[in-house]
Amino acid sequence: MNTNSNVYTIIYSTILVVVVAAVLAFAASALKPMQDENIKKETITQVLSAAAQADESVTISEDVVAMYAEMAVDAFYVDGNGVIGEHMNIGKENKADIKVESTSYLKAQNDIIKKIEAGQTELLSTLALPVYVIKVNSLTVNVIPCYGAGLWGPIWGYIAVAEDGRTLDGAIFDHKSETPGLGAKIAEKPFYSQFQGKKFGEGEKIFDVVKGGANGAENGVDAISGATITSQSLGKTINTWAKYYQPYLNSLAAQTDTETEESAETEENAEVEDATVTEEE
Amino acid sequence: MADYISLFVKSIFVDNMIFAYFLGMCSYLAVSKNVKTANGLGVAVIFVLLVTLPINYLLNQYILRPGALAWLDEKYASVDLSFLSFIIFIAVIAAIVQIVEMVVEKFAPALYSQLGIFLPLIAVNCAILGGSLFMQERDFVNVGEAATYALGSGIGWWLAIVALAAIREKLSYSHVPAPLKGLGITFITVGLMGIAFMTFMGIQL
Amino acid sequence: MKDFNLKETLLNPIFKGNPISVLVLGICSSLAVTVQLKGACVMALSVTIVTALSSLVVSLLRNTIPNRIRIIVQLVVVALMVILVDQVLKAFAYPVSKTLSVYIGLIITNCIVMGRIEAFALGNKPIPSFLDGLGNGLGYGLILIVVAFFRELLGSGTLFGFRIIPESFYDLGYMNNGLMILPPMALILLGCIIWIQRAIQKDLQEK
């Protein structure tokens, strides 16, 4: 047979393409459920790890899905005006139904945020930013994600905010391709454990990651030395996303304030109120 | 505009294909023995990158990425063809390279005979596919950004290969320990050049 | 058809004809994953599987491939294998596949895969081709692992993520060599490996 004729070449390539496409489509669809499961588990692990930092006695178990189903109180979307939208399934009836939003969703939201930053403020109400409300023993925390560009690729993270909408109970970060040993340290404990006990600020500088930033400032942590750009980008990412969660977080703060006022009799609560007042000044 | 300039400069110096990602090392080491051929290959890489990256960007944007088919019809919005991206990217690159090869053979036979077997190997040059894969990972906003990135990283690659070729030309007159001759010293040279390029790491425009 | 010593076909590329240090093939992207030993091991394994299987497939098809579209057919076969490996990693070893990111895709353009197909698989029977691919993949992996070993040990003081250099050393003033984790050090280490290899095997030295 003449393997160099045009007809043969065309038939050969057609068959090759069909066979390869069939194999790939089969493999991709067969493995898809497992891949999605992995991504879901990863997101759940990160949400839980951020939340669990609120209480040292809590450790993340092997079966994160079951743990999430047990600890999650609620999960929903908020828009840029703080209006709560649709609720996500938190798997109270069936663990397999749990819905969390992966990084590709965060990326899409980040694109909308970028447009709003560029001046298209009418898009504020189309935002649907996920909030996961997790109960860690006696505490309830709101886990909010953030997503942005690092030095080489995307960076993202989850921050656990206490019921007052201000205090941070924990945080965890991840990245796609930051330099190992430098920028990649944002995913390591010495860095993210700094966030515990910090507070979101008001106005333009909600949060910051700067060199020497831990100098007593409540809304800043210390940057990673040698990874200036990654640190700065992370600071900017947190700041930007926190800005769009601000309306929702403010409504939480307002709630806590009224509650505190109502039960201001006990000394302990009075102290809390004092603290809030000083902070607002 | 400032974004484009920043991206351009960053892709030449900071995200240099060779020094930061080791992309296209095979042909980089093999064709860097003298400046003239190195220049030829460098220009070919710039050209192929500049053509393939925007095409792959459009393919990725309108066919491959999850939900990309939504422009056809709403019911295709859930289709995710990203598993096909490797094969589509490489097919586009191979086709373009074939065309470039024919054009060079017709119009610049001298260059063609010098580049020899390396022109078809541009198809398997990691720098070209790497460019497309990084483009996919970084999700640029529009074709303009993708093209800027292509031009910048192409020039970065060209700069690296011409610089190395010049050093190697000089190096052939120096006394290198016998086991290090050729390949060994070249690797070390590239490493040192890479360290020199790291000085650009902090720049921001 | 020549007869091959199968054992020789498998073992030769691991040491004497090592694809990286002797033939200068396939250094490309993969050195970037040598910061950590774990990533390097998975990368080594993936490259070995891809090289062996695509050599096997191309060798089976070798008499039917039209010469004009030879390169594209080879690329398609290699890309197929790489996508399969990528999909399997994403399904079963998600954390590792995340750290390797685009570098798995870049196996397609790894010169070692195409190089072995062109130089060996196109002209030889399936079994020797498979072994040749396997041997080259392993030889390649060996270098990756050696480079990763030194980079992780000296750069982060760990191996496979476990701390090897005890804390007391750090208290005495020992510091991780930050330079090791930066990309250029991979090349310099590789230069040193070649130096050692060629000092031992004098016949490899270049004039």
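By letter and in written order, the chains are A, B and C; residue numbering begins at 1 in each of them.
Everything that follows uses one rule, which is that a residue touches a chain if its C-beta (ideal position, glycine included) is under 8 Å from a C-beta of that chain, and two chains touch if they have at least 3 such contacts.
Predicted, not measured: the structure shown is a model, and the values here were computed from it.
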Higher-contact pair (C-beta pairs counted), A-B versus A-C: A-C
Longest centre-to-centre distance from chain B, chain (CA-based): A
Whole-Å gap between the CA centroids of chain B and chain C: 21
Inter-chain centre distance, chain A versus chain B - centres from mean C-alpha coordinates, in Å: 34
Length of the line joining the C-alpha centres of chain A and chain C, rounded to whole Å: 36
Shared-contact residues (touching 2 or more other chains) in chain C: 72, 76, 80, 83, 87, 101-102, 182
Multi-chain contact sites of chain A, meaning residues that touch two or more partners: 20, 24, 27-28, 153, 176-177
Sites on chain B at which at least two other chains make contact: 83-84, 87, 137
Chain B residues touching chain A - in the complex, by the definition given at the top: 15, 66, 83-84, 87, 137-139, 202, 204
Residues of chain C touching chain B in the complex: 21, 24-32, 71-72, 75-76, 79-80, 82-83, 86-87, 101-102, 105-106, 108-111, 114, 179, 182-188, 190-192, 194-199, 202, 205-207
List of chain A residues in touch with chain B within their complex: 20, 24, 27-28, 104, 107, 149, 152-154, 176-177, 228-229
Residues of chain B defined as touching chain C within the complex: 19-26, 29-30, 83-87, 90-91, 94-95, 120-121, 123-126, 128-130, 133-134, 136-137, 177-188, 190-195, 198
Complex contact set, residues of chain A against chain C: 3-4, 8-9, 12-13, 16-17, 20, 23-24, 27-28, 31, 34-35, 38-39, 42, 153, 176-177, 179-182, 226
